[in-house]
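Order of writing sets the labels: A, B and C. Residues in every chain begin at 1.
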Amino acid sequence: MTKRNNPITLPDFSKSTRVDKVGVEERVSRFQKRSIKGEAKLQGLKMALNMIDLTTLEGKDSPGKVRQMCFKAQHLHDVHPGLPTVAAVCVYPSMVGIAKKEVAGSGVKVASVSAAFPAGQAPIDVKIRDTRFAVDEGADEIDMVISRGKYLAGEYNFVFDEIATIKEASGNARLKVILETGELVTLDDVRRASDIAMYAGADFIKTSTGKIQPAATMQVTYTMLQAIRDFRLETGIKVGMKPAGGISSAKLALHNLVMVKEVLGNEWLTNDGFRFGASSLANDLLMQIMKVETGIYQSSDYFAID
Amino acid sequence: MAKKKNTSEFPKWNYAPAPESTSHIQLKDRYDLYIGGKWVKPLSKKYFKTINPANEKTLAQVAYANEKDVDKAVKAARKAYDEVWSKMEPSERAKYMYRIARLMQERAREFAVIESLDAGKVIRESRDVDVPLACNHFFYYAGWADKLEYAFPNRKVSPIGVAGQIIPWNFPLLMAAWKIAPALAAGNTVVLKPAETTPLTALKLAEVIHDAGLPDGVVNIVTGYGDTGAAIVNHPDVDKIAFTGSTNVGKIIQKAIAGTGKKATLELGGKSANIIMDDAPLDEAVEGIVNGIFFNQGHVCCAGSRLFVQEGVADKVIEKLKHRMDSLIVGDPLDKNTDIGAINSREQLGMIHKYIEIGRKEGATMYQSNCELPSSGYYCAPTLFTNVAQSSIIVQEEIFGPVLTIQTFRTTDEVIQKANNTPYGLAAGVWTDKGSRIFNVTTKLRAGVVWANTYNQFDPASPFGGYKESGFGREGGLHGLSAYVKQNEYGTVRSVENV
Amino acid sequence: MERLEVLKTYKIYIGGKFPRTESGRYYQPMNGNGNALGNICLSSRKDVRNAVVAARKAFGDWSGRAAFNRGQILYRIAEMLEARRGQFMDELQQQGSTRAKAEKEVNAAIDRLIYYAGWCDKYVQVLGSVNPVASSHFNFSVHEPMGVVGIFADADTSLIGFVSMMAPVIAGGNTCVAVASENLPLCAVTFSEVLNSSDVPGGVVNILTGKQSELVKPLTTHMDVNAVAYSGSKEVFTEIQQDSVLNLKRVMHFEQDWSQSNAQNLYLIEHFQEVKTTWHPIEDIGGATSTY
């Protein structure tokens, strides 16, 4: 990161740039028509692997499940040499300690969801404790949810303050702010919530919890990438982007990378700038990598599910 | 347990070349004239070459039609009109047209590739815009053939006769469809001349028309230069002229047909304003600017070549625009990832360069995207000029290339005045989030097509055509029919001549 | 002692005012008995210029008025004409008509104005369209006035030709410069008095008298005139067509007997209209439940 994002003067969020959805759809269809072949495809698939936050966020998550996922995060497909690891594993606060131990020394980060994930319906002091617990357990990254109810009630200052407070509670951990765009509904609101989050100190902005549909559509991600670009132009600060939920195919992942490249530039094409929140994407990427390298279509039976 | 490093070091990610295959297209070395349902050698005995502007290689030799060839084509069209087409049941005419539309769809990819080869236009556009729209145009007008009386309340309609149609090089197949489809639907027959630099898709269309079994002589395709077009315009047995091209040639045509009773529709030049208000959806507006001026290398009569940005957001919009321009890929038209292809001809490239030079001499500030241009072929980097005024030549004259001028404004009234301050009136764009302002501006702009919060959209159902020196008549939609019919009153037939 | 009759000074009508021609010239058209009709203004190219300036100035307001308001004003013109039937019948008879014919012509002119008054707020509905495009856009076409229209009124009638050509032009929101019949100019001149008392804003209709041969050129070459309507010979029309090329004026040639009942229709309005097509995106065209 070039410059750390600390809270700065609040602009008038009611005047956030408007978004025309039909125009967004037209632009997105252009990304989908890019033809990514050969070496470019192989590199793109590997980059995408390296951008994954391998995620398990279930009530039934157990230490055993988390340990297995952490092993997979570091050993995606060891029969094929030269593959990167994923960027991070993403778990509930209670699993951070276990995950931290499992990935120690690998460079794989541990991300913890926070602020009363997924609904965010808890008092601020609970959210602060939630966050501090995760950080104390060793979380490198905090994926907090915003209070969508407050946002939709027009209480933008409340939302801003809450993000800034969690930012403070996160200490040196990288803060990802989940907008839960499926509940914000309009792209105008996706844009405005992105602006609020970045001005309140987000290091990453993230689409979704994975619990609400629709999640990381390209239209939403595109809108957020534009917000990130404008924030960079305004402040010089680079904020990262994490679409989460619904990206399970290699093709869609490549379309996302095309979008990042053309909206933000190559500078964002690392896991410092872009992440995929996903659980099943990794294996499709692996199958596509094997297909490109061998020329043979693959079967999921040959790729470990976790 | 072996530990790996979480690496994030990859080289800069660039798209590998993704050229569209040319193996499935069929091009002959030499094309004759399509007259009376047959391929006939030109009486002129001359051929000219058509080249690929992306690499200057010859694609084919094409027949040159002189006055006698044109006469032959008009006679074939007249015969087909008198004996077959005007007498056919309209529902049967419709079926022929549907069949043409379907055959075009079946060969869509071949049309797209040939269009890109011959015109320099990127395959993404010829594949996704030109060819589908051309097919759809036939499909749309086919349905009108047996419903014409619904289009003109209280009027009985009849065809006009032989239509002479002259089309430009910027959308070769699409313009052929715009011209031929409404003419046939209304029961007219056609002599069509494609532009000399882009004749191939019209000739391929002749193949499709032939395969569709359209009666001989209903559509005749004659290739050649300006004098071939003049021969069509001046032929005494042509009843109607449809022309798309420059305002200068349009005026010559209009003068030439004065007193002849020939009807005309002219779709001519433009210098359309694209207006960005400070409350606009700015990112989509930037996309609209790009689509407005860089679509088809700026070879678009309705290109949004005059950009007006409200002062409060001007710096921001220009910064975003430059950023976006830098992401445009200029190069091989056949590469599926290319955004901007080749300029259509050496002459046109020279014209664009002349205007860029004028802009610099006028003291305007130029920005060109930092793309690499191919070493052979005709290419021009996306270009914008700031520090221009309403009185700058590059603001006043149509450049017909990827060159944008940017002016700022303060109030709505000011920008409406400036937008209308031109002899042209083809199209305009306005971007604002406020509905009442949209209707204020779109109502006051003197232009035939106004795009609000979008730009360069086309559809067979949507009438297209200009005010003032951008020509007259409309193409597309219900209104596009009126150019190809005579309207008569029921009962006592008294024609109201509309020239 | 017999009372001395007060003779009328025939003027032209520009921008709602009644000047004599700036040239100071006049001509004396004769009626069938060889008597001069009066000293009629022989308008010059400068009068054309002034009239076009006035018409252009009036265009914004007139075209911007509610269609309903234009309809009311056209109806008001008819009311005023009705009130002056006698005067127009007298003038028609002065110019060689019989009383019966004159009455018929005045009646037809009044009814024609009523006819077009009714069209003002309907022609856009009938001629316009919502166009079902395939993309997520709302797309509609409406008719808009062309601007300033030059009219060379029918040479063979004094009133009905003039009214029949002028009414559809202004009903559609255009303003005009109308040149009266050269030999039968009286009714057009007097009609300016009707217009002046009918809530028609100054400049919407400007009326010139004089020699067609002098006025064709300045009006049809004028760069600020958008369209020309002509009722008369093919030769003159060819000249008009050629001159109009300068700025691509729309030119209309009418060959019809304006006194016929069917010499009025929707399409006479349409001839002086441009079609404007407007596009705007529609969000979620697939319905409220569609996902993004």
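Things to note:
As a working rule, contacts are C-beta pairs under 8 Å (C-beta built on N, C-alpha and C of every residue); 3 or more make two chains touch, one makes a residue touch a chain.
Small disclaimer: the values here were computed from a predicted structure and weren't measured.
Considering the contact criterion stated above, the chains in touch with subunit A and with subunit B alike are C. With centres computed as the average of Cα coordinates, no chain lies farther from subunit C than A. Central chain (C-alpha centroid nearest the global protein C-alpha centroid): B.
Centres computed as Cα averages put subunit A at a distance of 43 Å from subunit B. Chain geometry summary: the mean Cα position of subunit A and that of subunit C are 68 Å apart. Centres computed as Cα averages put subunit B at a distance of 36 Å from subunit C. Shared interface positions of subunit C, i.e. residues touching 2 or more other chains, are given as 135, 137, 281. Chain contacts: subunit B has residues 453-454 touching two or more partner chains. In subunit A, the positions touching at least two other chains are 20, 22-23. Across the complex, subunit C meets subunit A through its residues 135-137, 281-284, 291-292. Note for the complex: subunit A touches subunit C at residues 20-23, 25, 187, 213-214, 217, 219-220. Those residues of subunit A whose C-beta lies close enough to touch subunit B in the complex are 17-20, 22-24, 26-27, 33-41, 43-44, 46-47, 50, 74-75, 84-87, 105-109, 226, 229-230, 233, 257, 261-263, 265-266, 269-272.
Partner subunit A is touched in their complex by these residues of subunit B: 3-18, 124, 128, 279-284, 287-288, 316, 319-320, 323, 327, 336-337, 433, 453-454.
Remark: subunit C residues 126, 129, 131-135, 137, 139, 141, 144, 146, 226, 234-235, 237-238, 241-242, 244-248, 250-256, 260, 262, 265-268, 271, 274-281 touch subunit B in the complex.
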